[in-house]
Each structure stands twice: as structure tokens, then as C-alpha cells.
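We just call them A, B, C, D and E in the order they show up, numbering each chain from 1.
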């Protein structure tokens, strides 16, 4: 019994190797989707695809702190909103470069996350969930009262952002592939972070805070850093969503949206990064597809969620791994 | 402008986009039912084989934008009809109208699209959002009220409502209270009203908020203070408030008891089919179907000539249950507005009833900012 | 030279005086045992020394520097490490990772976001060394949550060792370690003698008398006696309050 | 002004009791059994719909209430046995996901069964009308009855949780089910009973507020967050905390909404004050929660885990 | 009283127990010995149904309770002092004792007599106790269920020598009162003073069983399996 594991050689890349492979497969599939859609004479799916990929970015960014740090932020939609409003506000001043807008979204998000994160991190567990909700709602109500950008009614964008002076995003394909590229970049970044020194400490704090303090780490600094990183990455998704919908409204920031992000992560599989992507894809596609089948799609979708929890505790990635497709046990 | 691909086949395709799930669904459901009722009565709309696609925007603007694009780009519809809510309209307006497809709003009528951003592909069969509030302002003015208490939810439409009311009311404002969106309990506000004893209350509380307010208003024994409202006491909320709402006043462009042939047909058919009294939302969607029918017939089923089609729509050649109906230069209606009162009808249902006409052939305040003259 | 100096430390929980004006000098390289009845305040004392609990009064000095106002992580940075009486490890990490993360705390910045930490040989080697010193080398790649109770106790020690402390506070390291394993454990601790200063809390008198240079007896938050093991063993007050007759057999 | 202040205070207290009534079941299930049940709001809504249906059928509020109770027991038990039972040992996130699914299912079912238009429950004859208070101000009798009901529920829960074996076992079971079971208690049965009790409380809250508030498909959702806020402000697992938390939220919300603008006006010019007030008002509850959690990270009466 | 035969158990895919046989007669004291990580606690968990056995049988007074829910074992007369104390953190001392109590000769007062320390701390929460106090509480809690067979997994860990001696005295008294006891402890010498029989396990298998007399007569048992 106990001898067997002891004799095993050190697993060099234990946790994520399988999942990185799974993610690669996903990315290839994503890249092939648009040609397929146009071959099927259904280019419209490219637009839906863009929305899904943008949510995948947000879900993955949330998983970074939720899965690896047990920081369940229930206010992450605020950062989607910051990204989206960065587009609206800058473009109303005639600044429509994507990168400048992303930078602006990141700056806004980093500032907000730094302040609210520092306060929120005094609390833990469910209290953290609720205090992040509180800050998310404050941001939400702030933008509702922002009459200059339509308040509650939102603000519609006359055109998409430019990329270094080109109109790359003007075509749906350009927007799709830009989103995909950013998704991959964010994935690589997150993957590096969780496997780094920083990531190990951050995960350790999730596992046992007191123990980490007792070996000399001050949890606050690590958690706050991760919180800010996650917020910034989420705002990138917001910039893309604004371009996809060509419309910005506080609805991007409501707590429902924060809740949906959490649902995506948990559905996909917490603490796996790939899970965030899978969760976003499955949740949004299923919604789309069930919506076509019946007007009462929430009934089916809800049933699906319940069944997933009851029969596959580690989400979809857990299910896939159990079926032996992406072997990488953790 | 390009002619949409759809225009070339001989099927008339119409996409309905309404909020059909969640708490605010009651309005969208009425609108859809109203449209479908008309479609059923007409049979082949515009004399063409008709296909109607109904989609639910779930009250989410970003989703609505996608759904609208799906209707236009994937389903190649000729008309998009809807939505109920202004934020949804803001989100779908550009995706629909920029492709040359015609968008007919059956409820939301925001000021920007009435004014500076008016668009030849955008029509509305309802009103400009402020108008019902203006009706109540004018009524308060006419009654000589000197001290009106204003209470609206704290969001864009609420603020617009106060602005609309003040547009035609010049008296004093006893108090101006912005309640939380979705507020349950108004006891604190009602206490203020009781303390101020204003000449009247003006409020705009759509949906469940309105039901709560109306019930609590009568429970608090405030019925002696006139209750003026818009979008608060109507056929979507009366089944819930019932007796508590009777006698409360509102501003509207129509009421189900209006005395004309078209209206009698509409209302009785609706009641028969859905076992409830239709509200404005149903009527306006019903008219949208009639409008499309009349316009397409005029063009003889030729959907490729967009200019002709638009011109035909502008003529608005159909019998609206509300009587006079025509389009202004900004494609918003020019119509009459009434003071309505909640009553228990002879057939046992609750509904609104016309009390008096306030505005005749009323043009909205933004029309002159529209460049399409 | 004094390595750890505790001056007039106090702590109350409500009306309860858990630490009552405790002073203690521990020389560099010394193993100083603290014994006393259950609930005497030993763990509380450790918690105060390590900064987990804030003291109501008194000072703690390490190597002459006053660390009373520092947080727990900062005290670790000053060379003060502890183990826990009630197992406190990272359950989802392997034993090796548990220790490596402690090594990492002492070697370079942890704000590195890109390099793969699992491939840092220096960390792994040091961690493995600490595991072997604690007698857990063969379980390095087992998840901590799958270790048995006795194995957890060793992991506690390995983690404490890996922080390379100047002063090591051990709270009942031997609890749950049985038989020959316990003897080997005592031997190991003996070998650490001189490498760093140790404050040892134990109810295993065999271990205390085998290891300690000096022993303090804590009863109801007060130190009632300090002295060599021999002196303590024969102190009648200590026998009455703590040791009882079982001790006679061991002696 | 003074009169108004007192009255508003009373209104705040009344709203607080109402909130507590709604949050009571949540405290029980979330605070003590440690199950995050997002479906609490749905149960509250179901209670309201049930009484609306039964009251319409029987023509009497009281019969409606009486019939609602066994129906609520059935609903609660069903949910426990089919879904919740399997979630006790799972993480909060799993509970969130499953009960989120449950919310979707239940809301849709309610929509299918009862449609989307709001329903109404007539006020019982006995409790309608209002009593004079001060000057022209009056107070509805039904609300006084609601306050009494809330106080009764609070007292009952407090006793059950803090002074009975059941309460002890519940608190023990929430942290260590296995151990409670190993010491001879059929924890499954116990939790089933208590979850059902929580569900009945939620339904009861819905039924009691139905004559005041509209019965519509959105009522559960708007209340859910507020109920969580109340529980968290009070400190998870504390009945006393939830009760005071509810009062605090309600009083701050009520008084802040009324007197906040006055306060702002003394600091800013009227236009800016009005603008500012409108921005801040909806945030008030959230600001309150953030401030309390900042000062006391585990709520007013919570214990830090 | 308790009969275990061929008990097998595993955590996920790693098998820990490979057929444990052991029995405790009425009024008998049996020890379970073995080095760290050999499967003692796993055996206890499998007996109690805290871990579902993969094979074998657990019988209490002839009744087959293999894999039954834990509370049925307890109701059948087994009382558990678990490894690692596991007191209820959100209950105070007195509530910890009372919550799962069943009527019998052990009452709150007798527990407080046995552990005066607990009475002094009766209003403290479970986590606000010292390690040793928690251990006393765990023992007291099990006694309060008035079992006919006590199972103690490292019950004297972290107790001061004086208290430890009290526990041994208490167990001896229990035995005198006719109660059966299954005990795991590292103080083998103390155990041999009052235990009747001993079971030694190694890597999930029983490698030696015998009476106290036999274990004292064959010192190499300790050397071979326990290295004492």
C-alpha cells in the first residue's frame, strides 16, 4: 500500500500538463471555428463566438483568484464594466485605439481593485463574497447615475475600436481572432503565474493561511496582488465585449453577471484555468442552444447545473478527466 | 444603403424581440400576444406568406444586441419589432437599422431617436417616453394643483419622467423623492407624503414596484390625496392591485374602453383569446402588425424597394384602436393623449377607462431636432 | 549570549490570566523545555512569541532586537519559527511542496510571476533535506492530506526546520509519534542542538529530560520553577502539580 | 420634523422586522447548517404564490395560510431529499452552483404555472385598516401584525438554536457532520427536518408579506441579496445578529433616504446635494455593509473562523 | 461484543487495509498497536462507517453492521474518541458534552469530577481550549454517550503525565465496571498494565495477536513490529 506511492519518481509537471494540452486543443478548435461557420454559411456564429471567448477571458481571470486563492469575488462584473466603459468614454473623446482603451480599462480596474481589494481582504469566506458584492454594486449604481453615458439606458458605440490605426476589428473575423489571441495570451500569463513562486504562495494561502504566516509570508500582499491582476485581466474582457455588442450599459456590471462568471468557473472546474474557458463555452453555448429548443430553457439549463454538481463534483474538466481524456490527476 | 438579402424572396419575415422571461416579462408577453393576435386575424400579413420569429432578450442589452444581429444577419428578417425597454432599444437600434432592416418599436421611444439621432429605418407605434408624464403634468396644471409630490425610481427613466412632468407643470414641488429601483416597501415615503399633505402625488412605478405602492397607498389610508401616475396603474398591474387601484389616475394614449369599431374588435378578441384585458403594450404591438400589413400591401409585396416601403409605412394607413394615428417627421406617432382612471369593468375585469382628453394630435418635444424633415 | 529574551509577558482572555508576567532567558544554542499541566498557557505563550497572538504587556527580544510589535511573518523573517501542536499544514500540497514553500520564504523574492517554481532545484533539494531530517523523505510526493497523524507531526517539524530559524519554537513535536520513531525523533532533535536555539514544549518526559538543557515549569500562566532537568525532576512542587507518579517509573 | 423622525424610525423598525422574517430561514440554513441556499428567495416566492392560490380558491386569507403550510413542508422536504441532502458535505461553491440551478428551475416552473403577471392576496378583513398614531399619521394594523409575527419567529428561533439540543446538534453538525453521526445522531434526518423548517419559514415570510407586496416572479430575487446582506452584517450563524442586522439595514435605509438629503444639503449646494443624494441612496445598504465588515470582518456578532 | 473479520479499506485508489481480523469481547480491553501510518486509524474509521469498507465484516453483538451509517454503530453501543480530538468548535464545553449525550451512568457531573479543568472552562468554545483540554473534552464527550464499548484513538496524546495517569485509572475502572475497550496508544507499557489482548498491525495486515502475558513473554514482538 503505502510503499507504492513513495517509490514513484517525482512527478515533474503534475497538475496542469494535461490541462494545458486540453487548452491547446480548445484553442485549435476555436481557431477553426470561423472558417467552419462560413463554410456552413452561418458567419453569424463568429459574433457569438466572440462573446463566448470574451467571457472565457473573464471566467479564467476570475478562476485565477477563485480557484487558486479561494477568493470568491462576487463583484467581478464591475471590471467587465470598467473595460466596457473605457471604450465608451475614450471613444466619446475620439480616442478609439484598442490598446489605449485596454490600458485605460486596466488602469481604472487596478485602481478600483487596489482600494476595494485592500478593504475586502480584511474579511474571509462568505464575508468576502458579500463585501466584494457591495463594492460591485457601488460601481454598478455609480454608472447607472452617469447620465452623460446614458445612465441605465446605456450608450451605443458607433463603431468598433481601431488597432494601431487599422480597422482590424471592423470585420467580425478580425474581432474574433483578436479576442482569441488575447484569450491565449491571458491563458499563458495565468498559467505562468499559477506555476510560479508567486502562484505557489498564493495557493498556499488558500490551503492554510496560518501555516503560511508561520513560515513567513504576509498573505495580504499576495492576495491583493492577485486580486488586482485578476481585475485587470477581467477588464480586458470588458473592452472586447463592448466592441462585440457595440453597446455599453451598466447591465454589464450587475451582480447577475458576477454570479454568472462564478457559475462558469465552477461549472468548468475550479482551479484549473481551462475550466474557466470550458465553463464559459458550455454555459453560453448551452444557453444559446437550449434557447432555440424551447422558451423554457432555464428549466433545462437549471437541471443540467444541478446534475453536474451532483454527479461531477469537479466540474466539466473533472468529468473529462475522469473519463480519461486529459490525464493529469491532481 | 444595401438592400438586405432577405428582400429578394417572397416570404415576409418578421422578428419579434421582447423581454419574455424574468419579472418584467408581463409587458413583453402582452406585446407579443398583441402582435400575434393581429397576425392571426390578418392571416397573411401584407398578403404574403409570413414567418414570425419570436426571441427573448431576457432583459439583457448585450444579449439583445446579439439576438438582433442574429435576426438580421442570420434569419434575414425584413422587420424587427420590439422591444419594451429603452436600454434594449439602445442596444439593438444600431445593429438593426444600420443594415437597412426596419425596426418598429412598440413601446420604448427614447428622446435621442426622436430628436438628433432619428433614423429613416426606425419607427415607433407607441410614444416618445416623456409624453405620458407630460399628460399628467398638464392635468395637474389644469386642476390648479399648487403642491405636487413627485416620487420615481432612481434610474434614467425615472429622471426622464420627472423632467417630462415638469415640462407641463409649473406649480410647486412639495417633495421630490427618488426610490431605489425594485424597492419593496414604501412605508417611509408614504409617511412623508402623509406629513406633507400635498395636493397630489405624481409617480412612475412600473411593474411590481407599482403594485406594491398602490396596495400600500390604500392601506396607509392616503386615498384622499389624488394619485397621478404613468405606467403604474395599467392592465399589467391591475390584476394584482385590483380594488386597491380603483380610482387612481394615469396618463395614456389609449384605454381598452375607447369607443370605436377597431378597438372593440381588438379588445374583445384579446379578452377571448387570453382571458385578460389588453394593455397599451398589447395595443401598440397590435398596431405594429397592422402597420406592417398596410405598408407591405401598398408596395404590392415588393420588399426590395426600401424607399417605397418606408414611404408606405409613413402613411400609417390602418385603423388603430386608439383612433387618430399618424407619423410625425421623426417617425414617432402624432396622436391624442388622455387621462385614464382605473375601474372595475362591467365584465368583471379591472381595466383603465378614459376620463378626459388632455392633448390632441400631440407632437413630441424632440421632433424639431430631427433632421429628416 | 541570550538568543531569546522574554520580559514580563502577559495575556488575558477576558478575566482569565493565561500568561501572567512571564520572563524567560534562553541562551544561544540552548534547548529550553517548557512543561506544565494542560491549559497552563504553554501554547498561548508560543503564540505570543511567534506573533500569532498580540500580548497585553511585555516584550520579546530575539538576538537583542525587540520584535514585540512585529507581525508573525516579520518575526519569521527575524529567525523565529514555530511548529504547531495541532497539525497545521497545507493539505492539498505534497509533503515536498509544503516544505519547499517554507524554504522559498527564506530564499529570494516570492514576487516572481513567471519561472516555474516546481523546477527550482535549489528549493526542492533543500526541502528534501529537511524532510529527510524529519524522517519523512520517503513520503515526499504524497499529498499532505493523505498522510497519517504521526506523519503529519514529522511534516510539522520538517517545515519548521526548512525556515532555517535562529530560534525554533516546538509545540509538542512528539505528540502522536510513537515507539522507535519517537526515539529516532529525539535523536534527531539532539543532533540539532547548537544549530539553533530551541524552546520545546512536551508532555513526553522522556524526551524532555533527554533533550533539555534547562526546564521551566508553567502553571496557571506563571513560571513556578526554572532549572536543570535534575533539579526540576526532584522539585516537590513540580511533582505535585505536574509529574505525578508516572514519572517515577521513567526516572 | 420630530414627529416625522419618530414615525420614520418606526417605519424602519417595521421594515427591519419584515426583513428579518425573510432572512430568518436563511440564517437557519446558511448560518447554522452552513448551506448556501440561493433558492431561499425562490421558496419565499413560492410561499407567496401558494397563499395567493389557496386564498383565491378558498376566498379566505386564513384558509390560504393554513393550506400553505403543509404545501410548504412538502416543497421543502422534496428539495432536501432530491438535492440539498447531497450538498451538505460539499463546498460552498458547489452549493452555489446547484442551488443556482434550482433557482432557474423553480422560477421557470412558477412562470409556467402562474404566468408572469403579478398576483394579489387580499388583506384579511380582521387586520385591514389603520390605527391613528400622531396627528394626521396613521399606521396599518396588518403591519403591526407582521411585526408581532417577526418578533415571535425571532424569539422562537433564538430559543431553538441557542437553548435546545437540536440547536447544539445543528451547530455541531455544520462543522463536523461525521463526528456528530459517529456519536449516535442521525444527522441526515435532523438536517432534513431543519432544512424543511427553514423552507417553511421562507414560505411563511412570503405568505405574510403577500398582502402588502406584489406577488410576482421577481420577488424572490430582489429579496435574496438583501437577506444575505442582513445575515452577513449580523454575523453568520447568529440569530441575534440577523435580527439586529435587519433592523440596522432597514433603519439606515429608511432614515438615510429621508434625512440624508437634508444632511447633504448642509454640506453642498442644493443641486449638487440632490445629485449626490441620488447617486448615494441606492448604495446605502452596500456602504453600510462594507463599513461594518471593514470594522468587524466577521459581522456584528460573528465569530472569526 | 465487536467482531471484525477480513476488513479491507482504501482511500480512493490507494488500498490501506488488507483483511483485518479482530474482536473485543464483553468487558475485555484490547489494544491495537502498530507504527505510524500502518492503518490503525483507518481500521477505526472503517469500523465506524466513517470510511466505507471495501470488504470484510463488522459485527456488533452478532448484528452485521458492515458499512452502516456511523450513528447506527454508536446506537449499537460504540463510543468514539477520535484521533485529533475533533471537538465541535462552535459549541462551548458544556454543549459539546451535552449535544450527543445519551442517558446512563455518565452524567455531566461525573465528567466534571473526572476532569475538573473542563468545569473551569465550561463556557469556553471548543477552539478556545488548550490541546490537552480538547483531548479531555473528546473523552468526556464519548463517555457521555454511555457506550458499552469505548474506542480510543490516541486519547492520551498531549495530556500531562498526571492526567494521563488519571485516564489509565479511569479506563481500568471502566473495565472493572464491565465495559469493553478498544484502545490505540503509543504508551505500550501503560497499556500492558490493564489490557487483556493485543493486536499488532503492519501495513494493513494483522501480524501478531496475543494476550498480555504472551506479549510480555515474547519481547521480540515489540522489537519486530513496534521497535520499542
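The criterion applied here is as follows: a residue touches a chain if its C-beta (ideal position, glycine included) is under 8 Å from a C-beta of that chain, and two chains touch if they have at least 3 such contacts.
A quick map from chain label to UniProt name: A, D = ABC transporter permease protein; C, E = ABC transporter ATP-binding protein.
Please read all numbers here as calculations on a predicted model, not as lab measurements.
When every chain is reduced to the mean of its CA atoms, the largest separation from subunit E belongs to B.
The chain with its CA mean position farthest from that of subunit C is B. When the C-beta contacts at D-E and at A-C are tallied, the pair with the greater total is A-C.
Spacing of subunit B relative to subunit C, judged by their CA centroids, is 74 angstrom. Averaged C-alpha coordinates give centres for subunit A and subunit C that are 43 Å from one another. Subunit B has its Cα centroid 38 Å from the Cα centroid of subunit A.
Across the assembly, subunit E contributes residues 14, 37 that each touch 2 or more other chains. In subunit B, the positions touching at least two other chains are 21, 154. For subunit D in complex with subunit A, the touching residues are 36, 83, 86-87, 90, 92-94, 96-98, 100-109, 112, 225, 228-229, 232, 236, 278-279, 282-283, 286-287, 289-290, 293-294, 297-299, 302, 304-305.
Residue ranges on subunit D touching subunit E, taken from their complex, read 165, 168-169, 171-172, 174-176, 178-188, 237, 303.
Per the touch definition, subunit A reaches subunit C in the complex via residues 5-6, 8, 10-14, 192-193, 195-201, 203-204, 207-208, 210-218, 222, 225. Of all residues in subunit B, only 20-21, 56, 60-62, 65-66, 69-70, 73-74, 86-87, 90-91, 93-95, 110, 154-157, 159 touch subunit A in the complex they form. Put simply, subunit E touches subunit C in their complex at residues 11, 14, 35-37, 41, 83-85, 117, 121, 128-133, 135-136, 154, 157-165, 186, 188-190, 226-228.
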